[in-house]
Each structure stands twice: as structure tokens, then as C-alpha cells.
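Shown below is the structure under consideration.
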Amino acid sequence: MIRVTRRYPFAASHRLHAPSLTDEDNSRIFGKCNNPFGHGHNYVLEVSVRGPVDRQTGVAIPLGELDGLVKTVVLDAYDHRNLNEEIPAFRDGLVPTTENVAVEISQRLRGAWPEGFPKLEKIRIAETDRNIFEMDERDHEGQ
Amino acid sequence: MIRVTRRYPFAASHRLHAPSLTDEDNSRIFGKCNNPFGHGHNYVLEVSVRGPVDRQTGVAIPLGELDGLVKTVVLDAYDHRNLNEEIPAFRDGLVPTTENVAVEISQRLRGAWPEGFPKLEKIRIAETDRNIFEMDERDHEGQ
Amino acid sequence: MIRVTRRYPFAASHRLHAPSLTDEDNSRIFGKCNNPFGHGHNYVLEVSVRGPVDRQTGVAIPLGELDGLVKTVVLDAYDHRNLNEEIPAFRDGLVPTTENVAVEISQRLRGAWPEGFPKLEKIRIAETDRNIFEMDERDHEGQ
Amino acid sequence: MIRVTRRYPFAASHRLHAPSLTDEDNSRIFGKCNNPFGHGHNYVLEVSVRGPVDRQTGVAIPLGELDGLVKTVVLDAYDHRNLNEEIPAFRDGLVPTTENVAVEISQRLRGAWPEGFPKLEKIRIAETDRNIFEMDERDHEGQ
Amino acid sequence: MIRVTRRYPFAASHRLHAPSLTDEDNSRIFGKCNNPFGHGHNYVLEVSVRGPVDRQTGVAIPLGELDGLVKTVVLDAYDHRNLNEEIPAFRDGLVPTTENVAVEISQRLRGAWPEGFPKLEKIRIAETDRNIFEMDERDHEGQ
Amino acid sequence: MIRVTRRYPFAASHRLHAPSLTDEDNSRIFGKCNNPFGHGHNYVLEVSVRGPVDRQTGVAIPLGELDGLVKTVVLDAYDHRNLNEEIPAFRDGLVPTTENVAVEISQRLRGAWPEGFPKLEKIRIAETDRNIFEMDERDHEGQ
């Protein structure tokens, strides 16, 4: 069993603002991230799968296939996008914090994960070099 | 004589769109950077000064003073901002490419540069790890 | 459930020397780290917490609150300090290896961890790009 | 208990080609990695051990001893080498994917691991900044 | 005037061996880089151009056009290749040191540089994080 | 002509304090760097030389020879050292700012530079990822 991780950068903009909170609370909680005009980041997404190494080919997953899935399911929706305006979940009021971005991307990947792929084990998103968010997919098992 | 460089990250959003061009040309030239909703980056600004080392203190410039200037003149305007909406030069139609961001930041710094500071020599902005833009301030001398 | 990691650099000096060992043994075990005048590093501390994402705000922990705690409890004591002289545990004879620095910082954080915070899950300290030390806080549960 | 990780870069060349597959399948599966003349990488190996911190010395493992083992057992065989030609397992037909390199290095380390060392917990190999492979040694326990 | 730099990684293998020298001299000069089976690196090429910023588009060079040129002229020949076997200059006896790789890539780029492009100013190749080679194209002017 | 740069990390401690200034001025100018017990950094030194590429060997300088010189002349004196106590220039009252460290290392290298070596062109020292100091050796020519 081996864990394979592949890194995908993408650029996006967002604004942190919870519609259910007052302007004062939004400003206090989100600080300059609450700026009404938004701002942006070079996010770095890492997708990790775990599985056995194929005896014949020596790979756990063909990286081209993983790349194709992540491009179709995640990057086409997230790269060079405004998260508040262009991702339905965030347009509907969910705050596009990187925590929620991680949850939303995890849902996309789990929903589209092909049967033949090794197990999706973890996703990790860095918003900047200093802020990192990780979801262990094992926490969703049995739900 | 020594060159001292200090690095300042900031997060901002932008959209590349030239109002004097047709939509087709904007799309062809700027590709996904022309997305009407915008996107964003973790920019990294580097400011370089050149001067002699003070015999008594051993420094070419007190970094706290350089930090104060860059914060007031650049970061307060650029960090966690939408460049198209919140920087006057870009609101007036200049396209907020990183080339133009470098020019605009260079003008801000040259305009506010204190007399006692060593010479402003260069600014460098990385838009991503792969795209880097540099302005040598000596190119402006004598203008 | 999500894991949030925040990165904090600090600069400090130390000397590795065990008072209970002979000079020969100290020199053999610690090599140039045993230099009587000491040396230093740019340490990078990472603090990881695990918790649910708040539905209203979309965050697992307000990073400003985590930053405040880490500054008061760790960075004010460690940043720009001599570990052998200025951290009581190391002044009392504990060798300031990065293993022991990790243990000492873990104790500080656990001792001051606020009730309302999500669980402290892990701390990681890099002494250089090549040497990394990690403590999983779950190893301390039940003690 | 603490986890200590030490990072070791090495440079090597390889060609991905499974002798049991047709040329067409090799080309389809491995793409440009199937180039008959090979290519190469700056690999980065990380070796992680887990153990208690020695009370007297403050270390979990003397890094010089770990370095000596990794040099003798891994780096002397892998650094500045052609993996297909110079590592017996790959000369015998196993495809030198980084998955198999991780397995092979793990076997070398487990086979030579000294009794007095703390537990070998994990190895991680990055083939490039974007492709990372990890083996948790606990997966081999009880075999 | 602005300098724009774009970064291109590629993976390749090589062997350092001068046919005009004895085996002993080759071994002494090139050390483990003289290994007859070769080894490899993740090279990082940076191409820098200098020119004015276009008033209408705000760019000094459309990066897509630079990418297309570098792909056709350099990366298709160098990426996932064995430099000794697949680059004619090195097959003819020139030693594929990174100095000579820089010279050879510089010649390719200068030979294919389109008239309308801003000036090619510099190329930089990192063989590893520690070894960096730079060619200033101004050194070739007037030749 | 090519420029070759080689990177050398070293770990050292220092305290910034000018004996000719009052304690108040030292505290105001150097801030927490004035802490009487000192602190430390992982410095990264880069040494750049410029010269022609040897036709036979394809190198501008044998890196092993450059490494030997830098080890003997710089690293043996600076690595794992206390700069205030162990470098004569700083023991004599010169403040060990990184500006002065750059000057001192430059003097060491110029004093010991072998006749047959290509020209020493530049040294660069990063004190942290954010603070970088560069000396162009051409500024010393003709002195």
C-alpha cells in the first residue's frame, strides 16, 4: 500500500462575508478578508490516494487519469474564478473560507470518484504558505 | 555599497480586460484571466535599495523604516484588495496586469521615497512561482 | 472535521551540551552543535488543530485568536532568544535539542489551551529544511 | 514520543517500460516517461522515525547515525545512478516508477535497520514538486 | 521598460564525460557525474525578456506566445530526454554540463527569436537548488 | 561567458549592539535583535563567479574546488558559530549585521581567491526568507 499525492495550483478570488451576521460582526470576524470588493490567492490543492502498486505497471494510479478527473471536476470550476460568484454552493450563502472550499472540493471529488480508482484518502489546500487546511476522507466513511 | 532586498507578500484580485478592445480580442489576448468575475493571486513584492553600510550601526537602511513606508504607500492600498475597483489607476482603465502593477507600485514608491533613504534600485513582483516581473529604477533616472 | 495548520517562524540560538556528560561525550554526541559559544536557526513552528467547521462563519478556528495565543505563549518567549539562557526548562539543564523544544512548546500550548478552541492535534518544528520534528498531541491523551 | 524526519536529496535517471507489455501499451501508459533513452529527476527522500526522547541527550536518534545508515544502504546505490541499470530489482524487470522506488528503498531500510534505533515509521519520496509518494511502515507490521 | 521572467521545469538525464580526456581524468574532474550509466535532474529554466509595456494590453509579451516558442524550441527537445543521446550538440562530443546546456539553449532561443518579441535578455538554469547557471544575452551582442 | 552560482547554508548566532551607542539607542535601532543573550539564523550564502566555459571539460569552474575554498575560508569560521564571539572583526566591535557579514565574507573570499579561478562576481546572503543582502564585487574594482 502506498499513498500518492499530486499537487494542483489554482488562482481564485473570494470575499468572506456571512449574510446571517451583521456588518459589524463580519468586519470583526473576517477583518480585511471582509473587504466588499474581495481579494484573491494562489491556492495549492493536493489530492492523495492510497492503494496497492500494480505489479505490471508499477503505479498505484495513472497520474494522467487523476489529472483528468481533477481538471474536469475541480480546476475547471475553481481556476481563475471568483468563488463567491461562480461556485453554486458559495453563491447560495456558504462563506468561501478555505475550510469550506476544502469541504466543497472533497464533495466534488467523492461524488465523481471512479470505481476503479484507489481510495481517495486526503485533500489538502494551502491558501498561503502560512495557512493550510486538510481533510482526511476516512472521517467521512460510514456516513 | 550593498543591495538590501526585503520581501512583502500581499493577496489581491484582478480581472484583465482592456476597455478599448473588443470582447473577442480581450478573450483571445487574456484567456481565462479575462473572466468577468475576476480571480486572484498571492503576489510577492520585493523592494531593493542600494547604499553604503553605516559605520556605527552596520546597516544600510533600518528595515523598520522601509517596512513602514512600504506598508503605508503600497500594502495598505494593495493587500486584500480588488485591483480593478480599489486602485485609482486601474479603475480609470489601465489594465491591472502585473507589468502595470509593477509600474504603479514603482511610481508610488518613487513619489514617497524619503530623502535620507538609500537609493531605490529595483522592485520585483512574482504573480505566481512561474511569472516574475522586475523594474530597474535606474531606467527612470534622468527622466 | 478539518485540520487547520498555521505556520510561525522564529529565530533563536542554542548550544547542545548535556551537563551530566563529559566534555568528550558531549563533543562526540553533538559535534559542532556543542560549540561553547552556540549557534542559531530560523525555526519554523506549525500548530495544527482539528475541529468541525462552524456553519455560520465557515471557519474551524478564528486564526487571529490562534495567532494571539501562540504569540503570547510561545513566540514572545522563543523569538530572538537564546534558548539555553532564556527558557527556564533549558536553563535548568534540559538540552535544547529541537526534540526538547517541541516537547516544551507542546507543554506550553496544552497548558494554556482555551476551552472553546478546537482540539490541538499536532505541532511540527523544522530546525532547518532538512530536520523536522513532529509531536502528535493524541499521544498525550489519557495521561 | 516524537517523530523525527530527515531529508536526503539524490539525482538519478530512469525509464518507465514494462517488459510484459507491448510497445503500444508502454507508450500509452507511460507517455514521455517511456522514452527509450530515459530521463532523470532530483528525488527528495524523507526518512521518519518515531521514538522517545532520551532524557540525557535530548535526542530521539543521533542524526549522524541515521545519516550513515541511509548513505550506506540507500544513497550509495541511488545517487547519481541509472535506476534501470544499476539497481538489481529494476534490472530484473520491475518498473522503476517512484512507487516501486519507495517500496525498494523501504525494503532496504527495513532489512538493515539496527536494533537500537527508534522505529522506522515512514518514508516519503518526491519525484518532482508535484508528485509525492509515501509509505507508512506500519502497513508492513505483522507481515 | 520591464523585465519579464517565466519559469519552465524539465526532467532530463545526462552523463559528464569528455571524450578527449583519459578515463582517469574524467573520473577525477567529474566524480560521480562521470558514472557511465548516467543520472538525471529536474532542471528549472528561466527565460527573461526586456521590453516596454504595451499601453493597450498592459503586457510586455503575451506569455502564451513565449510559452509556445519555448515549448517548440527547447522543451520538446529537452524534457524527458537523455541529453547525451538526444541533443545533437552533445551527441557530437560536447560535454552536457549545465554550462553547455545553458549555451545550447541560448543558441536555440536566439536562432528562433521572433522579430516582434521584446529582447531576450537572460536565461537561467538551476540544475539543483544549489547549482545555478546564468547567461546574460547582452554578452552576445555585437558578435 | 557564464555566471555560476553555488549555494551554501550555515547556522550561526549573533547579537546586534553597537558599543558606541547608548543602551537606549541600541534598543531603539535594533529592537529585539539587541537582546543581550543573542539569537540566530539559518543563513544562506550564494557565491557567484563569471567566466568562460572550458571547451574540453564544459565547466566554468570545478565546483569541488569552489566548495573547498568556501569551506576553508568561510564555512569553517561561520557555520555553527557565534559571530560576536568567534569572528575577529565582530569581536572587535563591528556590529554583526548581515550587511557587515556580507562585507566580511567578501573580504575573506577576495583575499584568498586563487589566480586561476574565474572572476568572483557577487555574493548574496539571505538572513531569512524575507531579508536578502547582495554585494557586487565589481563595486570593489579599482580600489
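First chain written, first letter: the chains are A, B, C, D, E and F, and each begins at residue 1.
As a convention for this text, a residue touches a chain if its C-beta (ideal position, glycine included) is under 8 Å from a C-beta of that chain, and two chains touch if they have at least 3 such contacts.
Predicted model only: the values in this text are computed from it and were never measured.
For the pair chain C and chain F, there is no chain touching both partners.
Computed from the mean C-alpha positions, the centre of chain B lies at a distance of 29 Å from the centre of chain E.
As a whole-number value, the distance joining the C-alpha centres of chain B and chain C reads 35 Å.
Averaged C-alpha coordinates give centres for chain B and chain D that are 43 Å from one another. Taken residue by residue, chain B touches two or more other chains at 129, whereas all remaining positions touch fewer. Taken together, the chains touch in the following pairs: A-B, A-C, A-D, B-E, B-F, C-D, C-F, D-E, E-F. Across the complex, chain A is touched by residues 1-7, 46, 53, 56-60, 62-64 of chain C. Here chain E touches chain D in the complex through residues 9, 11-14, 32-33, 35, 37-42, 79-82, 85-86, 128-129, going by the rule given at the top.
Residues of chain A touching chain C in their complex: 16, 18, 20-21, 29, 31, 94-97, 99-100, 102-103, 129-136, 139.
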